[in-house]
Every structure is written in structure tokens, then in C-alpha cells.
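You will see two complexes here that share chain A, one where it goes with chain B and one where it goes with chain C.
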Partner chain A sequence: MYDHFETPEPDEAVKLALRRIEESTARGEGSDVDGLEFNEVVVNMGPQHPSTHGVLRLVVTLDGELVKDVIPVIGYLHRCKEKLAERRTYFQYIPIVDRTEYLASINCEWAYVMTVEKLAGIQVTRRAEFIRVITGELMRIASHLVAVGTFTADLSPLGTAMVFYMFRDREVILDLMEELTGARMMFNYYRFGGVRYDLPDGWVERCRDFLKMFPRKIKEYEALVDDNAVFLQRTQGTGVITQQDVVDYGITGPNARASGIDLDLRRHRPYSVYPELDFEVITAQHGDIFDRYRCRMDEMRESLKIVEQCLDMLPKGPAQLGSLRAPYVITPPPGSCYVGQENPRGEYGTYIESDGSRYPSRLKYRDPCFCNLQLFPKLLSGNKIADAVAISGSIDLVLGGIDR
Partner chain B sequence: MDIVLGILRAILFVVIAYAVVFVAALVNIYFERRAMAFIGDRLGPNRTGPQGVLQSIADAFKMMGKEDFRPLLADPVLFTLAPVTVMIGAVAIQLVLPYTQGLLATDLNIGVIFLVAITSFTTLAILMGGWASRNKYSLVGALRAAAQMISYEIPMLLALLIVAMIVGSLRVSAVVAFQAGYEWIGFYAPFTFLMFYIASIAELNRGPFDLPESESELVAGYATEYSGMRFGMFYLNEYAGLTIMSMVTVTLFFGGWMGPWSGALTWWGIDWIGILWFLLKTYVLVFMLVWIRFSIPRLQVDQLMGFAWKILIPLGLVNILATAAIILWVPEWKWGLAIFGWVSFFAFVGLFDPLLKRRLRKQRERQPVVSA
Partner chain C sequence: MDIDAIAALLLERFAGELTDVRIQEPDTIVAGCARERLEDVAARLKADSEVGYETLNWIAGVDHRTSFEAVYHVYSWKTNTWIELHVKVPKADPEVATVTGVWPAADWHEREAWDMVGIRFTGHPDLRRILLKDDFVGHPLRKDYVDLAENHPHV
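This part shows the complex of A and B:
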């Protein structure tokens, strides 16, 4: 029927993988079956694959069930976020920041707004600072819920139940945010020097209800998996990130803290009102999948603690600078500024270079997922496919942030 | 005349077998989706028909309406044959299953062996489909399926041997007749039942043993390249398998169609109450299967094989030796078997998890703390 057909030419990443196989075969590694040139198979995982959580593409070299080599290919979600900044005023760019790392969009907004404020020397009102901490920590919980939920869904059908429990409770947070900002994911809420709206009536009480309800839910999740022998067997001791890796690759966030590195920008490069708040930096010792999972669970508890303190300390006063109108057009003095902020996934840095005009002349993000992704080839090689999937789930990548 | 009657009888049983496969699959798909939704705190399909009961039928029509698509590089013969072959196991296994008194296609004298032999057709079909698709995910899934099903057939056979030893016959009808008066083999040999049940979950490719189609790694495993009704055949077989395997379990371990008042309503030599009991027992087991799937994370390949070869098979061999010794030397051997069976059952259930966790805890303590 099909006499003439052409298989498509493999692209650069696949060619690289094939070349590496040839090299390793030439070195005498790998092949152990007579008569075969090599045993390895190159498999494309993604950009459409159920477990890559987005459009990450991994060109995986498999030797049976073993992962030999991984080449991550990114850029499928590239939307010129950095270039767009150069044609927008500082104010117009705020909603676009939301769309970089969409699971923790308000934290990204915070990072951008903080950088511009530092650059232009704008003072934030005290009430707005507290509201920012509250919303930021709520989104941290929501983001961790997605991270842990999808990670358990990678492990098993049990996780498909778990992921729905987690999304159910994330919904409560999103409802709170919707009431406050009018949006559920792309908030466009922070303004230079404040926030767009003050807390609506009864919001604090509803938030407290959530704080009361949520610790029970965390216990419920833990009861589901923490005591499950199969879960422990699959997660403990696999995918270990050593402290050397953390330093070499610039890993930040829960992934670094799970390896015992006490690094949390809220504590070590404090911004906003974090110095006044009492919270712990969660660390673990083994750096494996299980520890990363535990770190996220415990961080949710810490975030609850922070939100509760903020609600107690919430001062009266304006939530926005001066009048109701935020400073729409700002022209920071020439210069550059970098601010790192503790995003749920690690250090989310924003670097802005200003030439004194209404537009930033250059904007650059330091995205935690981008740095964490670099570790993939090292971390996944030598594991079974199933483990590789579990490990990549536990690293918690958001492609929106990586590709920007 | 006899020949005509024989042919009619054969046609009747073929129709029944296919009807059971299709109805069971449609019911199970709906049942599992609702149960899964219930476990996941969702609603599940509830729009098509009252409480969504027509959802599977709508899905079946959707599948039939899809394009009959074959990938360019696939092996055309094997690719087409695989979805047909996959149905053979589920249909042919019913040849020796007594649905109720008087409703049994043939009473093969090697019925119990036939049960195991015929389930291998599914493995064959999966291997065919996975190979013919020319897709790496399919191939890995198919090879996993083959390795897994061959491994778990051995503990399954060991468990069936014990049933044959207790009954003293390989006829399925004799197995059912032995269990008259509620003397269920499941009560005499609960540990054997447990082994059989675990092996049958693995044979069905269901969670926690659903590696051949673990969607998070292999997309859809061996069925990745299949679509439309060809995929539908794999899907139907998988879900019909729930009912068929539970029917086998009920027949072998839980008295088949026998229950209170069975025999009270007999028309044309068929005991109709028995069918109800058979279905009821079957669906209790089907619910167990669904429940287990959503309670235990997926095992990993080496853990899966290790569990079969290092735990189930040695225990099965010990079990056979002990059962044989009890039957030979203990005068009241049924009671002896029951005591041995329940002690080993509770020992396995009670010790396995704590021992595994203890081992994991020790491993955890030994696990090096990461440092620079």
C-alpha cells in the first residue's frame, strides 16, 4: 500500500543521543548481546507525554528498563516574556509576569514588583506588605499541592485519588484569591507600592476558616502515603541530590533544602516583613525523592503558620500608595537591579536594567526550574524508567517558567 | 437430531460467552469509573442516562465510529490480529466455567489446567500488538507484560495445584461439587486463595501490577498505537477480565453458584437462583479489585519480579508440601488444612507489611546523609 515513504529526519537532540550511543559503544560500554550493534533505544518522552507536566521533552536513551542518558529539550512554551518587557511600560508588564510560572503566579508578580520598587525607590505601605505575604504564602501552599499531587499521580493510580484531594483543597485557596483579586490564576494584583484591592469584608474570617481546616487535610494526605510500604520503597534512596550537586548546579528551594542545605531567601536574604515573622526553614538529610516530598508537606505547615501570624498582625492603613490610583507611569533612574525571591520552587530572581526611560531596557529572570532541569541528565541516568518518572515528578518543574 | 442439538447448544454457549464479555466490560468500566470517582471525591460520569449508566455504551459507539487507523510502519497482519486474539482468552475460559447448575459448556477433565493455559492468550495478544505497533513504548510495555504474566502464572498454577489436591480432581464441576454445604475451599485454604488472588491481579495487568500500561511512564503501554475499536477490544478484554477472573476465583474458592435457596427455582434444568449467587459473589470480588487498584502505589519492575520469584513461588512450594503432608498424614485433614491455612494467612498478612517496613526503616537508617 505504502511503497514510498520517508521517515522524518531526526532532529538535533535525537542525533546527539544517537552519537553518544555510538561513542559509548566504541568505548566498549553497553552492548552485551552478540550480533547487535548496540542495545540502547532512543525514546522521545514528550513534549506530549502524560508524565512531563507540560511540554518538557526528554530524549531518553534506554537500555531495557534502564535509563542511560537523558537530553532535555526545552523551548516548546517560549513566549518571549523577556523581550516583551522591552516594549511595555513597567506597569503594563505586570500581567505578563503572571504567565511565566503560572502555578505560583503571584510570587512571580511579587518578585517583579519588588525589583521595580527597589530600582525606583518606592516604599510599600505596611498593610500591603502583609497582604503580599499572605497571598504569597497561600499560593505557595497551592503550588506545593499541585507539585505533590501530580508527583503521586506519577507513582500510581492511588495518586490519581490523591491529586483530586489536593486539587479540591487548592480550590479553596483559589476561591479566596478570586474573591480578593477577581482572578483564579493570572491575578494581576500587585502594584508598585501596594496591592490593587484591599481585603474584602469577611475575607480574613474565611481565610482563618481555611487555616483551621487545612492542617487536618495535610494529616489526611500523609495518612494516605507516608505509611505505605510500597510508596516508601519506591521513594527512599532514589534520586539523591548531593550537596555538591546543589552547589554545582545552583539548585534552590525545597530541592536544595531536602539535601540538608539551609537555604531560604525569606530567612537569609530577608525581604518584605519576613524578619518579623516566626517560621522555620524545613530541611531534610537524605536528599532523595521522599525527603523532597516531606519538605514540601512541612513547608505547607510553615506557610500556614506565617499566614496566621500575618492575619493577627495585619495593620490598619492604606493598601496602596497615596491615592487610589497607583503610580501608573514610573521612570526609574538609570541603573540595574537584581532581587531574588523565594518562590515555591526556589530562588526566583528578576534582573532589570533601566536606561531611565518608561521601558526597561533589559529584563531577565533567574528561574529555579531552569536550574533544576540542568540536573536531569545526571539525576535520571542509571535509574529505571519508572524511577526516572518519579524523580522528575519530585523535582517539580513548571515549563512556563523554564521557557518563559 | 443429536448433531443439530449439539450445534444449537454450542451456538448458545458462544453467544452467552460473548454476551458475558461485552456486558461485563461495559458494566465494569462504568462501575470502576464511578468507584474511582467516589474514592477520589468526585462525581464521575453521571450525565448519560440515569446516574450515567449509559456512559459506557456511548463510549463504545464513539469508539466504533472512529477511523480505523494503522501506523505506516506497523506490521499489518499482526497489528490486525492482536485485538482479535486478545478476546480469545476471555471468551474461551468460559468454556469450563459453570455459571450455575446445568449451565456449563463442557466439563473438561483437565478444566483447572485449561483455566491457566487459556489465560496465556492474552499475553500472546499483548506481545503481538506491542511488537507489531513499531513503537518503543508499545514494545517496552509488551515485554513487561510478557515477563510479568509468565512470572505470575507460576504462583497461580501452584495455587491451583493445591485446589486440585484438595478436591482430588481437575474437573471444575468436581471443584464446585466438593464445596457443597458451604465447605468452601477458600475457608480451608485461605492462604492459597491469597496467592491466587495476588497472581490473578498480576495476570489482569491491574494496579498495583499495571506496569505494562503504566500511563505515567509508557503512555498507554502496548496499546499506545491502537485507536478506535481495535483499542476498544483491548479495553473490553481488560475490563471483562475483571469479571472473568473473579468468576474463576468464585468457582474455585467460594463455592461457585451455590448459596442459600439455590435450586429453589429450577426451569429447564437450570438453577436460576444460582446465577444470582454467582454474580453477587463475583461482584464482591470485582469491587475488591477496584479498591485495591486505588489503594496501593504501582510496583516497580524489579520489585514486581522479586515479589513473584522470591516470595510467592517459594511460599507456594512450601504451601504445596505442607498441604500434601496434611492430606496424607492427618486423619481429619480438612480441619488440619483449615488451621494451617488460617495460621499462614494471618502470618502472611500480619507479618508482611511490618517486616517490609522494618526493613525499610533499617535501610533508611543506613542510608547515607548527603554531604558535599
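This part shows the complex of A and C:
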């Protein structure tokens, strides 16, 4: 019946996994539990597996339930965005940046726009800076809601409730953003030197309503899972990222801060108006799944604080540089520049080389998930397969950013 | 230590090895490095007791038409500054020594630079393509790359 299906040749990643098994058997490290021999199996987890949150494929070597080895395979969502930059003007490229890391696309735009501004020496209007911080922090909350929601849904039936509550509240943020930018996720909102539209009438009040409503919601989420025995047992002490891992592999964002590393580009490489704002860099100590979850929850509170301050301090003036028209065609002088920005997942930055023409001659993304994913073989090996799912959920990957 | 002091210190300790040292405001030092010296310079930059560039941030492969370039961006926790190393790689022989032994994070970044620009990192433990399929032909971020249907047989 299935004769017309060809068995595909194993690809390089599977071959590598099989080769590693052979090598470990040759070294005499074969699996032997209580004198019983078990054969190791190579399983493809993904690229269409719901717990990988995208098209991530993990080639997992299993010994029973124990994960022996992991080889991540990426590139299923590769859209050659770095190549696309070669034939688009700086201005035309803004909407494409949105589509890299689509859960916090406004933060990606921010990194790109800041790099071009630095390269071309464009000053941003003060009102626009505040609007940027407001939108950036709102999207940080929205992104953390997706991260925590889907991660708890991976863990237990309890999370299925959580994910719906979180998506419900994220909807409020998306509504605010839609009113402001006209789009729910792919905003195309930042311009060189400012933002595309000023805040519409009544937007500030509606944003304040959200700020008033949301702290109560965070308490609700915490009441749902923080004292749940199953949640705690599955998350505490599992999937520990050590400080040495952070230093070796360039882990950034909440994943690094959960290990007790105080690294936040809003503080350590201050950009925009962050130096004027009062906020804390949230850190935890253990670096396990639970601490990463806690960091995200507390960061949402800090983001609320930041948005509130910005609404209070919001200056009058133009939200766009000069006249109503944005600088559509800009030609930065030859040179190169890298600017990193604190994305919800870590350091997101763009490196741009200009040859003096209207097109960037080279554009490169530094994506936090790409760097965090590199730790997976080390992080998942030695855990049970069910824990591996929990750990990969807690790292919070967005494949659009990894594959570019 | 402020950025000027770090630049002076690097100029003194790596005299002749780091070339064209300049400061990119506010916190990055940009320097060139000969590709033969890269492995040694990287190891010493990491081990330096005062600056200590310990975390590799990213590596970019760049095609400058006449030559390639590998750009290394490294973070120093001690001083909260970055260094950007530019290593020229000739087109005829696009090879550079791997730095995975110094910075473990280099593994995937070097694979990406190989995949996209075709710079070969000698000594890399597992230099496979990373974003493109295994059987892809060519390196798309080269300026002379021409996209043909034959280049991606499985699409």
C-alpha cells in the first residue's frame, strides 16, 4: 500500500547522531541499566512538533526516556533576509525586519532603526523616543505573555488554562498597538528619526487603563501556578544554566539573568531615554526553569513601571523628524556599525556595513535565540525527554529570528 | 576603566598585532587583526587579566568584492565594553583558523559564516551548513552569487 513512498536518505544531522552512537559504543559507553542492554534510538523531534514552538527540529538520541544527545537542526524558516537587504533601500527594508522575530517585532525594528540612525547620524525627536520606549515595553509584556503561556501549556493541563488567560490579556496590548500602528504584529512603525504616527486621541488614557488592569492579572497568573506542587516539582532544579554557560555561549536576556547574571542592555549599553527612567534589572539565582519563569513575570511588572513613567513624562513636540515626511532615501557614509538592543529574549542587534550607496552592502542580525539555542545539546542531555520539552519551552525560542 | 584607557592598553599589549585600532562611541573598540595571528590574539584577549574579552557575541562573514572579511564581536564583562575584530581573508584562499577553542559560542557563528559567505574555518569540529540545506550549492551572501534552480535541488 505504501510502496510508492520512498524511505528518505538520512540527512547529515541524523548521520552525525548515528556516528556519535557508534563512537560511544566503541568507547564502551553503551547503555547498560542493571545489567540489561538497551539500544539507543534516534528520534526526530520536529520540525512539526507543537512543543518546539515553530519549525525547530531536534535530532534526539534516546536511551529509554533519557536524552543522551541532541542535535538541533534549523533553517526551515530561512527567508534569506540578509540577502534581501542588498537590493532594498534602508527605508524599504524596515517591514522585513518585522518578520524576523515576529513576537516582538517592534523591538527588532528598533534595533535596525537605531543602527541606521547611528550610521547616518540622524537625531531622533524626543517625543518619538518616549513613544518608542512605550511601544517597546508593551511588546515586551506581550512577548513574555506568549512565552510563559505556551511554556506552561507544554508542562501541564493547568497551563492550558494559563495560555488562554495570557493570550486574552495580550489581545489588549495588540489592540492598543493596532490602534496606534494599523497592524497587530507586523507594525512597520518606526522611521529614521521618529515614528510613523503620533499617538491617537485617547490612546494615552486607554493605555493607562491597561496599566491599571494588568497588575491584578499578573497576580492571578501567579496564583494559578506559583504554589502548584506539580509545577514546582517539574521546574525547580531542572535545566540549570550555569554562569559559566552564560559567559561561554553568550546567553542573554531573561535566560542569563535567571542565572544571577546582571546583564541588561537597557542598563549596560543605555539607549534611547532609558537612563532617565527608574527600573530594576530583574535577576534570580538558580538558573533553573522556575527562575526563568519568575524573571519573565517580574520583568512584566518592571515594564509596566517603565510605560507608566513614560506616559507621565511624555513631552510635546513632533513624533517625526522635520516635516511630515520621513527621510525616505538616505545614504549613510561608508563605514560599519553594530547596535544591540534588549529584546524580550536577549540581545538583538544588527550589524550594517555601508558603502555609501542607498543599499546596505552587508546586514547581519545578532539574534538572541540563535545563541541560546546553541546551548541545547549541553542543556538537554542527561534529562528525561519530558523535561527536555519543559526546558526548551522555558528558553523561549522564536524560530523566525533564528532562521532569518 | 574608560574606553580610551582600554584602547591604550590594547595598543601597548598587542603592538603590531592589532592594527587600525579606533574607538567607536561609546563603548566599542574596532581593530584589525592578521588572520595568521588570530587564534593567538583571541586567546590572549580572552585571558587578559584587566580587560578579558570572554563572551563571543557574533561572527559575521562579509564579502568586500576584492576580499572577504570575518568580523568578531566580543564582550568584556570586566569593563562592560566590546571589541570588534576585523580579519581580512583573501578570496583565493578563504580560510581562517577557528576560534571555537577560545570561545565555544563560535561554533554556530562560524558555521553560519561558512554557509553564507563560504569562509572555511580550519580546525572547526563540525563545519556543516546551518541555515541552508545540506545539498545547497554555493554561498548566497557572496556578491557574485547567481541564484539558479540547480543550486537548491530539494526545493
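General observations
Convention: the second predicted complex is superposed on the first by the 392 of 404 C-alpha atoms of A that agree within 3 Å, B and C clash if a C-alpha of one lies under 4 Å from a C-alpha of the other, contacts with A are read in each partner's own complex, and residues count from 1 in each chain.
Keep in mind that, in the parts below, a residue touches a chain if its C-beta (ideal position, glycine included) is under 8 Å from a C-beta of that chain, and two chains touch if they have at least 3 such contacts.
From a predicted model like this one, the values you see are computed outputs, not experimental measurements.
By the touch criterion stated above, A:V247 is placed in contact with chain B and with chain C alike.
Of the two partner chains placed by the overlay, only chain B lies in contact with A:S156; chain C stays clear of it.
Applying the stated contact rule after C-alpha superposition, one finds that A:C80 touches chain C and leaves chain B untouched.
When the shared chain is aligned, chain B comes close enough to touch A:L232, but chain C does not. Once chain A of one complex is fitted onto chain A of the other, the partner contacts of A:M213 are absent, as it touches neither chain B nor chain C. In the superposed model, A:A223 lies in contact with neither chain B nor chain C.
After overlaying the two complexes on the shared chain, residue contacts for A:D403 are found with chain C alone; chain B is out of touch. Once the two complexes are laid over each other on the shared chain, residue contacts for A:Y165 go to chain B alone; chain C is not touched. According to the touch criterion, the shared surface of chain A, contacted by chain B in one complex and chain C in the other, consists of residues 247. For chain A in complex with chain C, the residues that touch the partner chain are 11-12, 16, 74-75, 78, 80, 82-83, 246-250, 268-269, 336-338, 340, 347, 349, 351, 353, 362, 364, 366, 370-371, 373-374, 403-404. By the touch rule above, chain A contacts chain B in their complex via residues 2, 5, 7, 41, 43, 49-51, 62, 65, 152-161, 163-165, 168, 225, 227-234, 236-237, 240-244, 247, 259-260, 285-288, 384-387, 389, 393.
Chain C contributes residues 24, 27-28, 54-58, 60, 62-63, 71, 73, 75, 77, 80, 84, 103-105, 107-108, 116, 126, 128-134, 140-141 to its touches with chain A in the complex. Listing the residues of chain B that touch chain A in their complex gives 36, 39-42, 72-73, 136-137, 140, 207-208, 210-211, 214-219, 293-303, 353, 356-357, 360, 363-364, 367-372.
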